[in-house]
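Note that the chains take the letters A, B, C, D, E and F in the order they are written out, and that residue 1 is the start of every chain.
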Amino acid sequence: MRLLIVNGNSTQAVTQRVVDTARQAASAQTHIEGMTVRFGANLVRSRPEEVLAAHAVLDVLAEAQGSYDAAILAISLDSGLFAARQLFPVPILGMTEASFAVAGLISERFGLITLGSETTPLYRDLLRRYGAETRLAGWEVLELRGTDFLGSASSKDSKEAIIGKVRKLATETDSGVVVLCCAVHAGIASRIREQVPLPVIDGIAAAVMTAEMLARADLAPKYSIPLPGLEVMGVSSALQEVLHAQR
Amino acid sequence: MRLLIVNGNSTQAVTQRVVDTARQAASAQTHIEGMTVRFGANLVRSRPEEVLAAHAVLDVLAEAQGSYDAAILAISLDSGLFAARQLFPVPILGMTEASFAVAGLISERFGLITLGSETTPLYRDLLRRYGAETRLAGWEVLELRGTDFLGSASSKDSKEAIIGKVRKLATETDSGVVVLCCAVHAGIASRIREQVPLPVIDGIAAAVMTAEMLARADLAPKYSIPLPGLEVMGVSSALQEVLHAQR
Amino acid sequence: MRLLIVNGNSTQAVTQRVVDTARQAASAQTHIEGMTVRFGANLVRSRPEEVLAAHAVLDVLAEAQGSYDAAILAISLDSGLFAARQLFPVPILGMTEASFAVAGLISERFGLITLGSETTPLYRDLLRRYGAETRLAGWEVLELRGTDFLGSASSKDSKEAIIGKVRKLATETDSGVVVLCCAVHAGIASRIREQVPLPVIDGIAAAVMTAEMLARADLAPKYSIPLPGLEVMGVSSALQEVLHAQR
Amino acid sequence: MRLLIVNGNSTQAVTQRVVDTARQAASAQTHIEGMTVRFGANLVRSRPEEVLAAHAVLDVLAEAQGSYDAAILAISLDSGLFAARQLFPVPILGMTEASFAVAGLISERFGLITLGSETTPLYRDLLRRYGAETRLAGWEVLELRGTDFLGSASSKDSKEAIIGKVRKLATETDSGVVVLCCAVHAGIASRIREQVPLPVIDGIAAAVMTAEMLARADLAPKYSIPLPGLEVMGVSSALQEVLHAQR
Amino acid sequence: MRLLIVNGNSTQAVTQRVVDTARQAASAQTHIEGMTVRFGANLVRSRPEEVLAAHAVLDVLAEAQGSYDAAILAISLDSGLFAARQLFPVPILGMTEASFAVAGLISERFGLITLGSETTPLYRDLLRRYGAETRLAGWEVLELRGTDFLGSASSKDSKEAIIGKVRKLATETDSGVVVLCCAVHAGIASRIREQVPLPVIDGIAAAVMTAEMLARADLAPKYSIPLPGLEVMGVSSALQEVLHAQR
Amino acid sequence: MRLLIVNGNSTQAVTQRVVDTARQAASAQTHIEGMTVRFGANLVRSRPEEVLAAHAVLDVLAEAQGSYDAAILAISLDSGLFAARQLFPVPILGMTEASFAVAGLISERFGLITLGSETTPLYRDLLRRYGAETRLAGWEVLELRGTDFLGSASSKDSKEAIIGKVRKLATETDSGVVVLCCAVHAGIASRIREQVPLPVIDGIAAAVMTAEMLARADLAPKYSIPLPGLEVMGVSSALQEVLHAQR
């Protein structure tokens, strides 16, 4: 299977990080490529940047169409996810939706770790949209330090902070598993595995696993949304073509 | 007050229609201008088009910044509304949020008329986001006919259909007022006034009224979202500038 | 427009205060009169007093019918609001419903400041009734001091306490605006404006603004509640007459 | 035990009916008296009349205080119930709250029969207030015929209609029991017992049973609501006295 | 009335305790017998033990069928309650459902005291299943000490801890009554009565009161669940017979 | 991987059917064995049978412990699922939880087909427990015919009925995918694939896919439920041992 990872943040280094993590999580038969959005924020943290990211991931998915059998949105706000599913006839997975789904299959209730209190309102929306509120046992927020987001996220300090948050969720809540959000945290879950009392779900790994599962099962969604008379202008010709096609 | 109306659909004729309706609803001191998005769908009806519209309205609002004291998004899905409020230091109103707010001040419960069953999932999101579910007494969906959206919406047939839906809501539900959605319906509410048993709220008129109210009260939101290190690329320079500014 | 303000608390001095505040908020064309309920509690703080207040405001509204084009209930529990709307063919506004509506048009989420923890269960009801729970970002309760409610509420100490609460909501929650409840707080929001980091909504001002908006738009509710055989006894003749009329 | 039944509707004949029904349901040791409100509607069916009823039942309860060990509000909207509990140190029961409680102890889900679609919004409030929404299996509405409410409610036609509704709920929903609302229906449940496939709960009987249970268990609520400085005017001296007392 | 108390925990001493408490709460005409489950955990505290308890109480109820007119499940998780009601044509009461019902008839909101944080997820389910979430004012958890559950629960230390929790709920929440859960706490509520500011509901007493009430009212549920072709094997012959009978 | 399928219904032929279906869905490396519960109903359809099934699946899982690396409960009510996860240190999957999770990853909203209206209350519980209510677009119920459940479910009539229900959900709701419940329907989804306009999820296949995914990711839950003093009696020695072990 050819799996495309679309980084919704415009930082190339994050693309590399998530691709590396995805390759570790993937099975041998899965071929993984990464692409970075052509416009938008270096790290999406609030509503306006998310608006751009949603457009930007559709733009990349359209551009690359035909070159992948499934795709992952490497942006933990899952920006553009439901829209993408209506446009592309292959499985499209979001990091956080996939993480919640996997967490739910493991344990009755899960703990959540997010990055940056400015993103809290957006994750709150995701919890509601995915019906995950009743299964959320606890929520811890890490704060961003400095502006080297990727470096900071993979620093020893950050690793220690995450370990501390997992332990807190294990002690103070009835979480049976923990979801660690944010693309810049890709790969950390597997590195702290021995030091924490609960399994920790990596959003990229969860998305890869679920993408492989869906691709193998041949369960792509079928939409039949009648949009006669639709005309779209001012976007990339690839995206325009996809939008003008029958859904 | 200078009030900007941003049509989130890329159809110029709709811009003209909503501007005309807005001018009728506005007080003498309000100066109204209309702008059409520079990219996106001629009529936004499903998630992918909505993704584009959200970006496109921010693009216009940034471009025109400084030329308006308040703005209205002329797209009944209120695409980009919460994002816009975080970027621009003036009141920004959405047609549907404004309509629900006005309806709630008039009656305990309201009826809803929307256009095109393909948009139903998006209105369902709005009802939940605005906390309007408990006050919704009934919901009727009109179907689009043909591809001349504007012509069709203001046809005699369409007017009759809307009147029928209002009467149905009056008879079969405990609606005390009706919200008529969709930008292409702008201006119809006032024309059917004498023929229906309930007051009907025009989204454009509701947005104008609430914009005038907020502008006069000098009650623009203040956000303090710390986004150090944010870098945005690939969008219009006006939008980039707004995004890079302190929030 | 002739706007009647009905103080649901039986304290004349509060009537004066809310009328003064309303006049400052109103436009030049609005003529404001205040009336105090003829029975009930000096300050309504719990369910039994609220029961009286609901009856008492209907009593005043009936008594004064014909002398006003819109009315405001100056009691932040909005006692009798939905009942009043079914009886009188003009816009009737409640301080708290109007405040929540205005807050929602300004910001995604709002903070709430109420007076007296004994009133908490009643405000909880209002949040649910108005569908405002999902938009509430934080809630702070001020405690009443002494029995000179009006004097205390407008004291320097009280002003400082309110400023402190607004700052707390700005720092610890994602409120973009704050609603300050209770009739005895009328007029304070505008006086602390320069000292707080968020816009603060005055319930009386919100009610005046929305009343002017609705009156101008000519959007009074129409009810058709069939109550054949209804006979009401033992209330004022004005109220009896209103109740016996067709709805 | 001395049990007072306060008819919240101002119709004496209804008082007689509910007292007769209560006496049949009560145990030998229970002494039952009935009182009718001194003001308000002959049959409460919508919000304005309910506002009066809430005041009127407090008025009667205060007037008669000392003469009863528990009280029942004979009005199926339970008007004034929560307020009364804060004022009087004895068990106070509402017909509908008691019915829902008894229904819940019998079956996982229950069916509801109410009288007059104009009262639907008020019952909807009760379902939410009592947390009974998740246990409601079905809801049937009978319409009032003519203006002889009591005569009509106990007519053969009405009895047949109720039997039909119970059968419908038994067939089409997973109701294990049915709640029959409205004071004018008092006594009907026991008369149709042999003709229906589900147990039917009479609101008056449910209130009597639960009142006897609570009185015997000596489980009156204790409130400690501090209301220093409260002054109430313009109500009956008995009610004023109760309101001025410590809670 | 012959009232059977089925202890869902396999500890005989607990059966004795709940029977003693039940006899104190019961009226003179009620004859009470206790039975202990034939398999399962000595004290049910988490989901796996609850699964056994649900089966075990059905087993006892079937074995004893014909010897009782109503039954109480003496296990505060109400394990098997809804299932039992579908099998046996007499009132079946659960401690916690009965407690919530009684609490709701006394006060608008109640406080909850449970035993052992490991049981918290199960009580959370009960609150939701019974629709009691909106009426819950506060929740305190006592921790089990040692393994002599019954001795510990009735120790002086435990009594003091419970009194402390009731006082805390009275001071910090708007509880008007408190529900004290867990079968091992049977009988404690009446012993601390004079030392606490709120009425405390004993689960066993609540179940006895409500069982007497329902038995007297002759309001057993009627189910008509068509299960043609049902064959059950490997359970006690009494239970098999009950399951094979028409429902 | 060794995958155990535990049929929660006591019908051997159903075990064979689900094992066959599982083997078709599984990858080559997965070795599948089936076991049937040792007691309980031939087909679980209502609460009492479900109580037995929950115990019975724990019984089999304990008996077979050590012989499997993951397990699936072949009973679409997922009876005993959350309890099993607390007892066994390997992934345990339920048909319906897995189906909802897979459906959610494919489409914003899904349709549901269940078998036998008598099971409706139990599926309603599952929808709420899994937070799937907001994503449910429509629900169709097939009725059981005759008592040869397995034969009937795989008959031509039944296949036609299922195809009809899928088409109905595609036409009348915004389902992007359909979940087909009930163990006796195992294998049907793949056989009707070409005749329906939406992907249909087979519960057994969904459970196999998710079990393989979790097993490979090595993401078993870790619980730390302290249950000092727990003693269990009267169950199989294997189950007793598991229950007595540390969790």
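Note that a residue touches a chain if its C-beta (ideal position, glycine included) is under 8 Å from a C-beta of that chain, and two chains touch if they have at least 3 such contacts.
A quick note: this is a predicted structure, and the numbers were derived from the prediction, not measured.
*Asks:* State which chains count as neighbours of chain E and simultaneously of chain F.
*Replies:* Intersection of chain E and chain F contact lists gives A, D.
*Asks:* Between A-B and B-D, which chain pair shares more contacting C-beta pairs?
*Replies:* Of the two interfaces, A-B and B-D, more C-beta pairs touch across A-B.
*Asks:* From chain A, which chain is the farthest off, judged by mean CA positions?
*Replies:* Chain D.
*Asks:* Looking at where chain D touches chain E, is over half of the residue numbers used by both copies, so same, or under half, so different?
*Replies:* Same; most numbers are used by both chain D and chain E.
*Asks:* Provide the C-alpha centroid distance between chain C and chain D, rounded to the nearest whole angstrom.
*Replies:* Chain C and chain D have C-alpha centres separated by 30 Å.
*Asks:* With chain centres taken as the means of their Cα atoms, state the distance from chain B to chain C in Å.
*Replies:* The mean C-alpha positions of chain B and chain C differ by 28 Å.
*Asks:* In whole angstrom, what separates the CA-based centres of chain A and chain E?
*Replies:* That gives a centre separation of 45 Å.
*Asks:* With chain centres defined as C-alpha means, what is the inter-centre distance between chain A and chain D in Å?
*Replies:* The answer is 54 Å.
*Asks:* Two-or-more-chain contact residues of chain A, please, as numbers and ranges.
*Replies:* If we look for residues of chain A contacting two or more partner chains, we find 82, 108, 128.
*Asks:* Using the touch rule from the top of the page, what pairs of chains touch, sorted by label?
*Replies:* Listed by label, chains in contact pair as A-B, A-C, A-E, A-F, B-C, B-D, B-F, C-D, C-E, D-E, D-F, E-F.
*Asks:* Please output the residues of chain A touching chain F within their complex, sorted ascending.
*Replies:* 25, 27, 82, 85, 91, 93, 97-98, 101-102, 104-108, 128-135, 170, 176-177, 197-199, 201, 205, 209-210, 212-214, 216-217, 219-224
*Asks:* Taking the complex as given, what residues does chain A use to touch chain E?
*Replies:* Contacts found on chain A: 108-109, 174.
*Asks:* What residues on chain C touch chain E, complex-wise?
*Replies:* Counting only chain C, the residues touching chain E are 120-121.
*Asks:* Looking at the complex, which residues from chain C come into contact with chain D?
*Replies:* Residues in contact with chain D: 10, 37-43, 45-52, 54-56, 58, 80, 82-84, 86-87, 118, 128, 144, 146-149, 225-235, 243, 247.
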